[in-house]
Structure formats: C-alpha cells, structure tokens
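Heads up, there are several structures right after this.
Each of the next two complexes has subunit A plus one more chain, namely subunit B in the first and subunit C in the second.
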Partner chain A sequence: MTGLLLIILSSVFFPGIILRIKSIASGRKGPGIMQPVKDIIVLFRKNNVFSDTSSLIFQIAPAVGLTAVLCSSLLIPFADKPALINFDSDFVYFSYILALGKFFMIIAALDTGSGFEGMGANREALFSMITEPAFFILLGTFSMLTGYTSFSDIFTQFYMSDSDFVMIFSLIGVYILIQIAMIENSRFPVDDPKTHLELTMIHEVMILDNSGFDKTLIHITTYLKFAVYGSLIYNISVPAGWNIYLQLLLFAVVQALFASTVGILESFRARNRMRKNPDFILTLTAISIVAFVVVIIIRGKMI
Partner chain B sequence: MKKYLETYNNTHSVRINDIPVLTYDEFCLLAEELFSEQHKHCLSYHAIDSGKEICFFCIVADDSNGKIYIFSHRSAKPVPELISLSPKIEQLQIFEREITENFGIVFVGHPWNKPVRYSHNRHDTKQVMNNYPFFKIGGHEIHEVGVGPIHAGIIEPGHFRFICNGEKVLHLEIHLGYQHRGIENLFVNENEGLKRCVLSESIAGDTSVGNALAHCQLIESLSEFNAPEDLQIERCIALELERIAVHIGDTSALCADVGYQLGQVVCEALRTTIINTTQFWCGNRFGKGLVRPFGTNYPLKENTIAEIRKILSDSGERYFTVAERIYSLPSVLGRFDGIGAVTTDQAIRIGAVGMAARTCNVKRDIRATHPFQYYRKRRPEIVIQQTGDALARGVLRWFEAKESIKYIFDLLDKWEKIKKSTKPPVYNYKLKPESFAVSAVEGWRGEICHVAFTDANGEIVQYKIKDASMHNWFALALSVRNQEISDFPICNKSFNLSYCGHDL
Partner chain C sequence: MQNLLLTGIFLSFFIFFIPKNMKYWYTLLLLLTHILISSIWAAESIFYLSSPVSITIIPDILNYDFSLHIDKLSGFFLIVINFTSLMGFIYAYKYLEPYKRIKFELSFSIHYFSYLWLYLSMILVVCIQDGPAFIIMWEIMALSSFMLVIFNAENRTIMKTGINYLIQMHIGMIFILIAFLIAEKDSNILGFRSLDIYFSEHMNFPLFVIFFLGFGLKAGFIPLHTWLPQAHPAAPSHVSAVMSGVMIKMGIYGIMRVTASLHNDLFSIGIFVLSVSLISGVLGVMMAITQHDLKKLLAYHSIENIGIIGIGVGIGIIGTSQNMTLLSVLGYSGALLHVLNHSLFKSLLFFCAGSVLHSTKTKDVEQLGGLIKKMPYTAALFLFGSLSICGLPPFNGFISEYLIYSGMFKSLANTDLYMSFILVASITGLTLIGGLALFCFTKAFGVTFLGQPRSGKTKTAKEVSTVMLVPGFMILIVILLIGLASSIFTGPILLIVTETFNLSGLQNNFDDVRNSITKINVTGLIFIITVALIYYVRRVVLKTKIVTYGPTWGCGYTAGNSRHQYTSTSFADNFTLLAKPILRTTKSMESIGGENLFPESAVFRSKNHDIFKDFIIEYPKEFILKVLKKIAVMQTGQINHYILYAFLFILGALLLTYFKLI
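Moving on, here comes the complex of A and B:
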C-alpha cells in the first residue's frame, strides 16, 4: 500500500521538478513547481470534443491507459513490504498491462483517421516493440540473480543475494530503467514533448485529437508512469532492509534526482533523428543481454 | 540592333520604348542563349496588359559584370499559344505559371502549369484553392500526408502535401496563395508616396527594411535621384541590422526544432537585443519608418551610433560563442548534417537566389554582384557554403552575421568622417513618364526585386515585386526528396521562406 501511495504522491511533483530544472538550466524564471498540477485542474473542468469520425475506442482509450498504469503500480513494493498484488512472474503482467494501455492509445489514434496520428501510432508501436526485449531481459537478469520472479521478492532479495557484483547489476538496472522510462514517456532523446511540429512528434501527435478531460487523463497517465519507473529505480538502488524513515527520505531523493536527470538531459542536447531511434533503443537490449550472460555465468547455470 | 537593353541596378530609369521588342521566337532564342550561362539568372519575367496587347518583359541579372539585361515581346490579344521556356530553362517555371494564371496564356509544354497564388483578377476564376491539381502517385504502400494551411505554432498559412513511402518522402508539393492581398495592384491604385512606402514595408513583415529599401530605390531611380553618401550608409546599416537580427532569430528557431533548449533561449534573447537597437534608432523593432525616399526621418545620431556599437560588439560576441557551441554539439550536428541537401546543379537550374544559393556554392549576392547604395563603394564579402544541407544553412547564418557586424562597424567609422546632408523624405514626387526601372536589394533571405512602369503622366501603371522565396520554395521541395518526413520541419525552418512575400 505504501508503494502505491508514494507513487501517486511523487507523480504530483514529478512534472513540476522537470519543468523547474529546465527553466533554471535555460536561465528563465519559469513557472512554479505545482504548475502542471494547476494545468490539470484547469483541464479537468473542460469538456471533451470528439470528432465525428471517431468511435467508442477513441473515447475509452485515455481511461484504459490510466487504468493500466494504476494497475501496474499495484505491483510495485516499497521497502521490505510486499506490494498489494504479487505473484510469480508478475513482471510479465506489469509489462503487458502497460502495453494494453499503449495498445488502446495506438488504436485510438488510428481511430481518428488522421494522417498524422497514424504516423505517430506507427512510430510509437515500433519503438515500444523494440523497447520490450530490453525490459524483459533486464528483469530476467534480476530473477536469475535473486532466484525469484515477482517484483516484491526480487526487490526484497536483491541486496541479500550473496553475489559480489550486485552493485554492478544495480547500476545497469538504473541506467536501463531510466532510458526505458524516457522512451515510454516520450521524452528525450527519442521524442520531444515540447515540439510543436506534428511531423516530428511521436506520442504527442497521437493525442492531437484529445481534449479537455481525456487529455487530463493522458497527462496523469504520463506522470504516474514516470513515478512507477522512478519507484522501480528506487527499489533496485536502495536495499529493502534499511530503516523505513530513511527509506522514505531516500525515495523522495531518488525520485527528485530522476526528474532532475530528465530535466538536465533535455536542456543540454538535441533529440535524435527519427532513423537513429531504433539503434539507440536496441543498444539498451544489447546492454541487458550482456548483463544476462554475466549473471548466467555467475550463477553457474551455463551448461 | 541590340537584342536587349543593358542597365545597372539602382542607377536610373530607362524609357520603355528603348527596350527592344522581339518576336516570340527571337525572345526564346535570346533567353536560351542568356540562361545557358550559369552566372546569369532571372530577376523577373512577367507580362503586363497594355489594353490591346500583352507585353512580356524578361529581366536577367548577370553576376559576372553587374549588368542587367532587359528584353521584351509583344503580342496582340488574344495571345496565341506559346511554346513554354520552362522545359529548357527551369528557373522560369514559376514566372510562366504566374503569367498563365493572370492572363490565361497557354504555354505549350510547361510540365507543371498550376496556379500560383489565385490573384483576385486572375484569368480563370473557376480555379480555386479547393480544386488545386495535386500531383498523385499510386501504389499500395504510398500514403499522403497533408500539412496546413493552418499550422501548429505561429507561422503563415501554406499547404504541404507529402507523398510518402513509410517515413520516406517521395515528393513534396507546396501549395501557397493563402496570403494573397493583391499588393502589386495596391501600389498602382495608391498614388500617395507615404502610403506606398508603408505598403512596401508590409510586403513581408520579416523583411520590412529590405522591401522598403527596394521600393525607395525604385522611386529614386524613376526620379533620377542619387542618394547622398550618408543616407546610403544609413540604409546599408539598417539592412544589415535586419539581416543580423533575423539570422540570430533563425538560429534560435532551428535549435527549437531539434529540441536544443540552450541554443534556443540564448539566441532568442540575443535577437531581442538587436531588434531593440533598431527600435532605439527609429522607434520600431522591425525598422518600419526607417527607410524613406529622398531622405530620412531618423538620421543617425551620436547616441544611436554608440548604442549600435555597444550592442553589436556585446551581443555579437555572445552569439558567436553560442553558435560555436551549437554547431559543435554532436547531437545537434547529428540532426543537421546531411539533412535536406540541395545540389549546386539543382540550385542553378531552379534559379535559387540568396542564402539558398550561397549554401550550395553558388555566389549569388546582389550586394556584391549588382551593388546598390553604399555597397557600390565598399563591397561586402560573400559567404558561401558547399554542402547545401541544413547544417550549411545554419552555419551560413552564423558567418553572415559575423560579416555583417564587421561591415556595420566599417560603415559607422566611415559615416563619422563624411559630411552630413540630413534631409527629410519627400512623398509628393513626380516620376519620369513612359519609363521603367528595376531595383534589386539583397534582403536577408535573398534578392528582392521591384519593377515599375510609368505612363505618359508619370503615374505608376504596373508594379511587380519578386521576393527570393519565388525561386527558393522549389529548393525546399527538392531538398526533402528521399528524406525522412520527420526532417521536413528542419528543412523548412532552415530555408525560412516567406509565404506572404510569395503570395503578395
């Protein structure tokens, strides 16, 4: 339960921190840390506008997307307390419940019949598809390392394993999860949430037709997703057995650091060319595979 | 008899009757002969309706010796079908399209004779925006993407139709005309000098000084007036200030398009300091009201000069620092390098001018080849790039801004030494009757060409404007071929062509 509450709480501040960091980095005064939340409140009061050509799919997709992320967050444990739901191989469930949300967003984009949105959907589907192996191989590595297959068990046991190399796996895990979070949330360097150019957008172009309430749901989905990934990052970087109050503090620090990383990354570089994105994402899979092979050797499972 | 009339930019007017009239066959032969040389390009080719007959005027600029050649053809109405010159001289395509649109003249063999801008007094009013004949490609894997005319962000209206295979662009067709205001006719209908001046500043809002200068030069040529040296220098400084401001602003926009926040915000701020300097000088950030015929309301003063010097050396230094950073950052280079390349051959054939030509290793700069105002006495360095891609267009802006700043400092030094002849502008001018004048100015985007004809009473009967965009839009269409569609915005921004300058 704590895990879920912490995720929801941190998702409130997450976009604000990114925004603040970007403002500071560009020498601007910028909006306050709560501005995204205020925007959400404004949007919540607005009505939806639906195009005549779109069907029910388009109308339910944002809600399905939000539900999917909320469901996935139920699986994330905090400290040594197990998550609300946990069962063997629940990371597969985690990944595909998120994919379900994304699937609905993609078919909703196709549902609008707009040339732009089809293009965005195509890109989003491609990039999600090639991100998936990286995530699964990483989780496979963790399972192999700890000998368990559910998030709650993996993270409780992570630092208790007898391996001397656990820090290395932790670092690799943090790196890959940060990158996956950036890709899944359509941030740099794969996508640029700030761009106004439909032709270069990936995620933004898919939601061009959403307005008012539905758009709010989509925003909240993104913020929650960030917090979910931030939570995963936290879990593999801090041992589960530590003092709970210290952990609460560390959780806040890790989430803030994650948000700052996103902000800094977006301030001082340009985004990738579209053609370069698949290479970039496949690199993550490559790193996961290396980690996986190493863990097989360590565990002596190699035949 | 000479087949064409020779003249120079911004000197004096010529009598209309002195322009040789050729038969259409001779006209074509001469055009082919002239345009076979790469250092000649078309300044303007247009037709005017003189009641009983249609007169075609072709104005060619020779970059090698600074001359301008004019020749004409007259044809009684109704005009018979004419052989199109475009298949042989690609750069004339847009002009022939314009003539067809306005007068319904059929050019046989024109491969792409589509409406240009749907002028109000066009020949065939059945041609409307909605039935524009877009080029089609068939096939199962081919899809079309239409962008505009309403865009996300604050740009002017224009429609872009892409034919794509997946992410790859096979063909781009640019459909403009949404900004048409009939500005050429307004110049004829309006006979108050001041109103014409204000009008010229509104031809393209981003090139106020350039267009105002082209207009004033034209009026002065038609009145046989030679601007005093100090006035010439002031005009050149205004033009260069505009160039610097726009180049810095474009650098900012380019950074924004690739998501490089640092470059974007720094250049945005620097552009403001430059346009504020123009405001300090004349009260308007875009230099409106600064360039006026026969004189000026805002002569340079000691404090203006001090301000220009201070801002240019300070902001210039900052801009060079950030530009160096931008164009050495791997992630930015990865986005610009090799994107949207136009070859030298393409640039010459479509008659690209200004920046678009200079990035493709074609030395076309009116300031150096057909100098006007003070450029005649001190020619600026032409900056060129070889690769013709988005990176070249970005870097060219950086180097040109550098050159312009240096040039302004030179001009300021010179201005301080010479005798001042401060005179107010004159608006109730009398133009020479039955005359014709050409005025070309190198605005920041490229050459701007204004042409006017007067009648027996010295009233303007025809006013033609040609912005660099007329030629260069085609360069944009070529540049995105076989590129990814997601790179189009960068190509578009790196050209930064004018919609209203084209649509008039």
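Moving on, here comes the complex of A and C:
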C-alpha cells in the first residue's frame, strides 16, 4: 500500500522537477515545479473534440492505458513491505499489463486514420517490442542472484545475498531501468516530447487528436509510469532493511535524482536519428546479457 | 455407447441422400451425438476415473482387437476438439449460405460428410493407441481435411494448394509409419504401446526425431510448415478455424504421447524440441507481420503458437532430464493450456476473418479499414481475440504463457551453466514472440477495423448474421473464464500432466502456482473494474463539457484522404527493415518517368519471401522439373522410338540375367 501511495505522490512532482532542471540548465527562469499539475487542471477544464473517423476504441484507450499503469504499480513494493499484490514471476505480469496499455494506445492512434498517428503508432510498437527482452533478462538476472522471482522478494533479498558484487548489479540495474523508463515514456534519446515536427515524434504524434479529459488521462499515465520506474530504481538502489523514515527520505531523494537525470539528459544530449533507435535499444539487451553472465560467474557456475 | 459410435459412422453415409435443406441439420445431429458421447468419455477419464477408460468397438475381427483407450491426455484433447468443431459447424450454417446458389448439392454433401469425418477421425486419433488403426485414422484426417480445403476447387490455385497439402500430409504419415515399424521390432506390437519397450532398450533420439518429423509436419513447426500458410487461406473460414484450432494440435498430441514414453536421451531431445520451437515461434510471428492477407497472417500465427506450445514441451522434457520436476510440470502444463487457449482464440480470429471476407469479399487488409463502424460485434470479437493471442492479461493467453515463464524463472536460480543459458535464451525468445505478436495484431486490427476505408470494398459491408456471431461470443466467454477463473482449468491440467508424464511429489509447489494464478485473476478483476470506473467517470465528466466532432488533425493539410493512412505494409516497414536478413523483402519500383513532361503512373511492389518455402519446396521443385525436362527429350511422340525403348529394355534385362546380375 505504501508503495502505491508513494508512487502516486511522487508522480505529482516528477514532471515538475524535470521541467525545473531543464529551465535551469538552459538558463531560463522557467515555470514553477507545480506547472505540469496546473496544466493538467487546465486540460481537465477544456472541452473535447473528437475526430469523425474515430470510434469507441479511441474513447476507451486512455482509460485502459491509465489502468494498466495503476495495476502495474500494485506490484511494486516499498522498503521491506511487500507489494499489495505479489506472486511468483509477477514482473511478467508487470511487463504484460503495461503492454496491454500500449496495445490500446497504438490502436487508438490508428483509429484516427491519420498518417501521422499511424507513423507514431508503428514506431511505438517497434521500440516497445525490442525493449522487452532487456527487462526480462535483467529480472532473470536478479532472480538468479537472489533465488526469488517476485518483485517483493527480489528487492528484500537483493542486499541480503552474501556477494560483494551487489553494488555492480545495482548500478547495472539502475542504468538499464533508467534507459527503459526513458524509452517507455518516449523521452531522450529515443524520442523528444518537445519537438515541434510531427515527423520526428513518437509518443506525441500518437496523441495528436486527444483533447480535454482524455489528454489529462494520458498525461497522468505518463507521470505515473515515470514514478513506477523511479520506484523500481529506488528499490534496487537502497537496501530494504534500513530504517523506514530514512527510507522515505531516500525515496524522495532517489525520485528527485531520477527526475533530474532525465532533465539533465534532455538538456545536454541530442536525440538519436530514428534509424539509430533500434540499435540503441538493443544495446540494452546486450548489457543485461553481460550482467547475466557476470552473475553466472559469481555464482560459480562457470567453473 | 460404443454401438452409438458405430451407428453414427454408418449413418454418416446417409448425408448424401438427405434432402438439400435437411442436410445441415442431419449432420449437426450426428455431430452433436458424437460430441455428447466423447465428452462423457473425456469427463470420465479426467475427473472420475483414476485408470483410463477402455472401450472395445469391434471385438475380435481377424484376431485384431479394435478398441479405444482414453486416458487423461486423450480426454483433454477430446474436449478441445469437441468445442471448436461444434463452434465451427454452427458458424458454417450462415457462412456457406452464399455458396448455396452457385454450388451443386453434391459439393455440400461432400463438405458436410468430410467435416463430420474430420471430426470423427480427430477424436479417434486421440483415443486409439494401436498402430494400424491410428495410421488409418490419421490418413482419414488428412483426406477429409483435404476435401474440406478444396471446397472452392473451381479456383485453380486452391486446387493446387490442396494437392500440395495432401502430398505433404502423406510424407508426414510415412514418417510416422516408419517410426512405428522401427518401434515394432522388439515388442511385436505396432502402436504407442510398443514405445515403452523400444525406448527402454534403444537410443531414443533417432526414433524421436522420425516421430517429430511426422507429427511436426501436421503441427507446422518451421521448417515443416510450408503447407500451413497456403492451406489455411484457401479453405473456407470455419474449416481454417478447425484446422488451425484443433487439427494441427493432433501433431502436438502425437509428440506429447511419444514424449510420455521417453526413457533416455532426454536432454538432447529437449534441446532439439526447444530450439525448433524457438525458431518456429520467432520466425512464425516475424513472417506473420509482413502478411497483408488476413487469413495468411493468422496462419503464420498458428506457427508462432505451435512454437510457444513446443517451448513448453521442450522445457518440460529438459526439466525431466535434469530432475527439475517443477520446471517440467509447469512447462508441460503451460503447453497443454496453450493448446486449449490457441484453439479458442485462433478459431475466434478465423471466424472474424471469415466474417470480414463474407461481408466485404476480400481478405486483403490493404483494401479494408473502418470496419468497426459497420461490423461492431465482429470488430469487438477480433479485438478480444487479438488481445488473448498476444498473451495480454486478463485474457487466457497470458495464463499459459505465465505458466511457462514462471517455470523458467523459478528454475533459473538452481541450475548449472548450460541450463541457465538455455533458460535465458527461451525467456528471451518468448518475450520477443510476445512483443512481435503485439506489433502484428495492432497492425491487423488497426488496419482492418480502424481508420477510414481504403477502398470501395467496405462500402457494402454490414454486420454478419447472429448465427455467425454466436460461436464467437461463446468462445469469448470461455476465454474470459480461463483468464479470470483460471484455477478451474489449471487444476485439472496440472493433474493431467502429472499423470501423463509420471511427475509427482510436488503437491506443495502446486499450491504456490495456484496461489499465483488466483492473484493474477484478482488483479485481472481489479483491472476490469478500474477501467469501467474510469470510463464511467469520463462519461460523467464529458456530459458537463461541449463535445464537438471534426476531421482528424491534418497538420494544416485539409485535402487528406483515406489513401494517406498507414497501410499494413507501411506499418510493418520499420520492422521489415530491421529484419531484412531473415525476411528478404524485395521491393521493386518503376519510377515516374523522368523525361516526360507529365508524370505517368508509377508502380511499387514489395514481396515477402518465406525462405524456408523457397529452399525446401520451390528450389528443389524447380531443379527436379529442370531435370525432368531434360529427360523428356526421350518423349518424342514417334511410335518407332517407343518400340526401340521397349526393345532396349528387354535386351538389357536379357543381358543382365545372362551375366547373373539380376
């Protein structure tokens, strides 16, 4: 329960922090930290415009997308408290339920019959497809390291294992999860949410026709998704056994750091050419395979 | 009750003599009777009896005892066959109606007769342990499905496809026959009973491979799949549904039956099955993505799903070889549940594809679009079918894939080096398959049912009749039942697996599995309720707002039309680019004339090759044809030459006997 509440709480501040960091890095005064929340409220008040071409799919997709992320957040533990719902191999469920949300967003984009949105849809489908193996191999590595197969067990046992190399895995895990979070949320270097040209967009171009309440839901989904990944990152970077108040503080710090990383990356890095994206994403799989091999060596299976 | 079966077989011949308008109902009656009988057998064997049901059909003719032997595995397959066959036949009622005007009565008689016999041969295949009878039933299955495929035989390509199918099925049958004959050597029993004796004394791997070639041809493992993407689109849709939903599973049944008797070489057999299945799974879905014929796309997906089932069987065998019972149980259970799942969602999808074909007269998705407005129920069914085939929760496909995943993840911690790599390779493969399936079905659903019509074909489209929708909705109910109340199904399946493959003593860990499954179901319910809640809130909120409708955002360009939409090919374009080395997509373009003042029409073509078909079927065929053409020089058409050949032959025979060479 704590995990869920913390995720919802941090998702409120997350986009604001990114925004602040980006303004500071580019030397602007920039909007306040609560600006994204204000934007959402503005959007909520607006009227809706729908395309004639679209159907019920278009209307229901944002709700499915949001629910998928909410359901995935039920599986995330906090500190040594197990998640609200935890079972063996629950990360499989985590990944598949997020995929369900994506499925609906993709077909909703196709529902408008717009060439632009079709373009975004097919990019999103491709990139999210090739991201999956990295996540699964990473979690496979963790479950091999700890001997457990659910998020809650893996994270409580993560720092208990007697190996001295846990820090390495923690680092690799954090790296891969940050990259996956960036891809899943269509951020740098795969996608740029602030680009003004439809031809170079991925996620933004998919939601060109959404307005009002639907757009609100989509924004909330994105923020929540960031917070979910942030909380995964927190779980592998901080031992579960520490004092609970310290943990709460650290949680805020890690989420803020994650948001700042996103902001800094977006300020100082150029985005990839679209053609380069698959290579970039597949590199993540390669890295997680390396982590996997290292675990094999550490566990003495090689010799 | 055995007499009922015999009477039914006898009565089936009367289909030819029944008046035209009663034929369907007569066949349905026969079908229902047999479904009832075999369902009782199945229920008895699965739920009530600990020992297999044994039924003597014809006692003691020529010292040959023809009897049925129904154990739990057979019972499971009986249920799968019964449900899908019945749904297929209900669907056929309206689907065949347009043909009534253009076809003779006889073709309907043959069609219904073949359908009934396809069904009968399938239930007998899973119930017969005895070699000769099994081979005969296997043969009847091939013949009757051949007759069903060539229903539209006026079309030459369909006839050709049918013959191709028939030849390949016979090659498969020969492999099975050879394998049975090899196994007979020691025990003098022809049939599955001899396997235990043979396998306990000889190397298992060679014989298993022969069986695998035979059964795998039916199942459609790559590279034995080439008949599948041709036969399924050629057949009428309810036949494709039955063939893809259950008939190819007979291959899986055979492989499982053989697997249950294995004694040694388990590890290498497991690796063999697993690698073939991984290749089938990944390549099957990769080739599916590039298709734009809706039924062909689904056919390639059958290969993918056979791959998933094979992965389950493969890790099941490997688990047994490594004494990892849990891995074994979960692998086999996942495979078995996926057999059921695939029979459900694949027949559902074929029904929908059939309805689209019925309504628009085309299955080329490039010409479709926007059908959700005209055929809302078909679209909804197709959407649910797509979600389940992608293995997304809370639908049934997820449960079977989850079982396989959880077996692999749970075993990862306590295995040696090779096993870890095998498991991680399988996990990666299964993940890729899932992702690619998602890519493929967003495309298939999006292009067919969403957006704007891409051609005039959809103008006349309207929702199909209720009779054609009923099977779909009934399947959907079962899909949701498996997805949300999985324990009803996983419980018996775990039991079937432990009994069939002799895996026991893990009761405790099953509780773990059951627990997880229950939690998945609960999360699924939470998901559905939350979606409904958010959607309700949205409706309430929207009521307070002004909702306007307008054209899709065109980025300032107002003259956009439906041709600007993404098509099936363009949606798959970035993928085909990535997968170029494997898919070998060839593109050709005649550019718009450069010298001419006014541009002329230009043509762009892209073609996707099935490299296995090219290398295994097409190139050898061309080579043989070339050789035969050279030999055909002898065929001069002049009678004196032929007399000369006969003379030379007799001379040769004489000489050879003279020198005692023959």
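Heads up, the rule we're going with is that the second predicted complex is superposed on the first by the 299 of 303 C-alpha atoms of A that agree within 3 Å, B and C clash if a C-alpha of one lies under 4 Å from a C-alpha of the other, contacts with A are read in each partner's own complex, and residues count from 1 in each chain.
As a convention for this text, a contact is a pair of C-beta atoms (placed from the backbone, for glycine too) under 8 Å apart; a residue touches a chain by one contact, two chains touch by 3 or more.
No experiment lies behind these values; they were computed from the predicted model shown.
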Subunit A residues touched by each partner, larger count belonging to subunit B or subunit C:
C
For A:T283, is the partner it touches subunit B (first), subunit C (second), both, or none of the two (neither)?
neither
For A:G115, using the defined touch cut-off, is the partner it touches subunit B, subunit C, both, or neither? Pick first, second, both or neither.
both
What is the contact status of A:L74 with respect to subunit B (first) and subunit C (second): first, second, both, or neither?
second
Counting only touches as set out at the top, which of subunit B and subunit C does A:E198 meet: first, second, both, neither?
both
So, does A:N243 touch the first partner subunit B, the second partner subunit C, both, or neither?
neither
Look at A:N272 in the shared chain and tell me whether it touches subunit B only, subunit C only, both, or neither; answer first, second, both or neither.
first
With both complexes overlaid on chain A, does A:K22 touch subunit B (first), subunit C (second), both or neither?
first
Subunit B/subunit C common contact set on subunit A
115-116, 118-119, 198
Within their complex, state which residues of subunit C touch subunit A.
369-370, 372-373, 383, 387, 390-393, 398, 401-402, 405-406, 409-410, 412-417, 420, 423-424, 427-428, 431-432, 434-436, 438-439, 441-443, 445-447, 450-452, 512-513, 515-516, 519-520, 522-523, 526-527, 530-531, 534-535, 538, 541-542, 545-555, 560, 562, 564-566, 570-575, 578
Report the residues of subunit B in contact with subunit A in the complex, numbered from low to high.
143-147, 152-153, 167, 255, 257-262, 264-265, 329, 331-332, 334-335, 339, 484-489
Subunit B partner, complex, touching residues on subunit A are 22, 25-28, 115-116, 118-119, 188-189, 192, 194-200, 266-276
Okay, in this complex, where on subunit A does subunit C touch?
44, 46-57, 59-60, 62-64, 66-68, 70-71, 74, 85-90, 92-93, 96-97, 99-100, 102-103, 106-107, 110-119, 121-123, 125-126, 128-130, 132-133, 136-137, 139-140, 143-144, 146-149, 198, 208-209, 212-214, 217, 278, 285, 289, 292, 296, 301-302
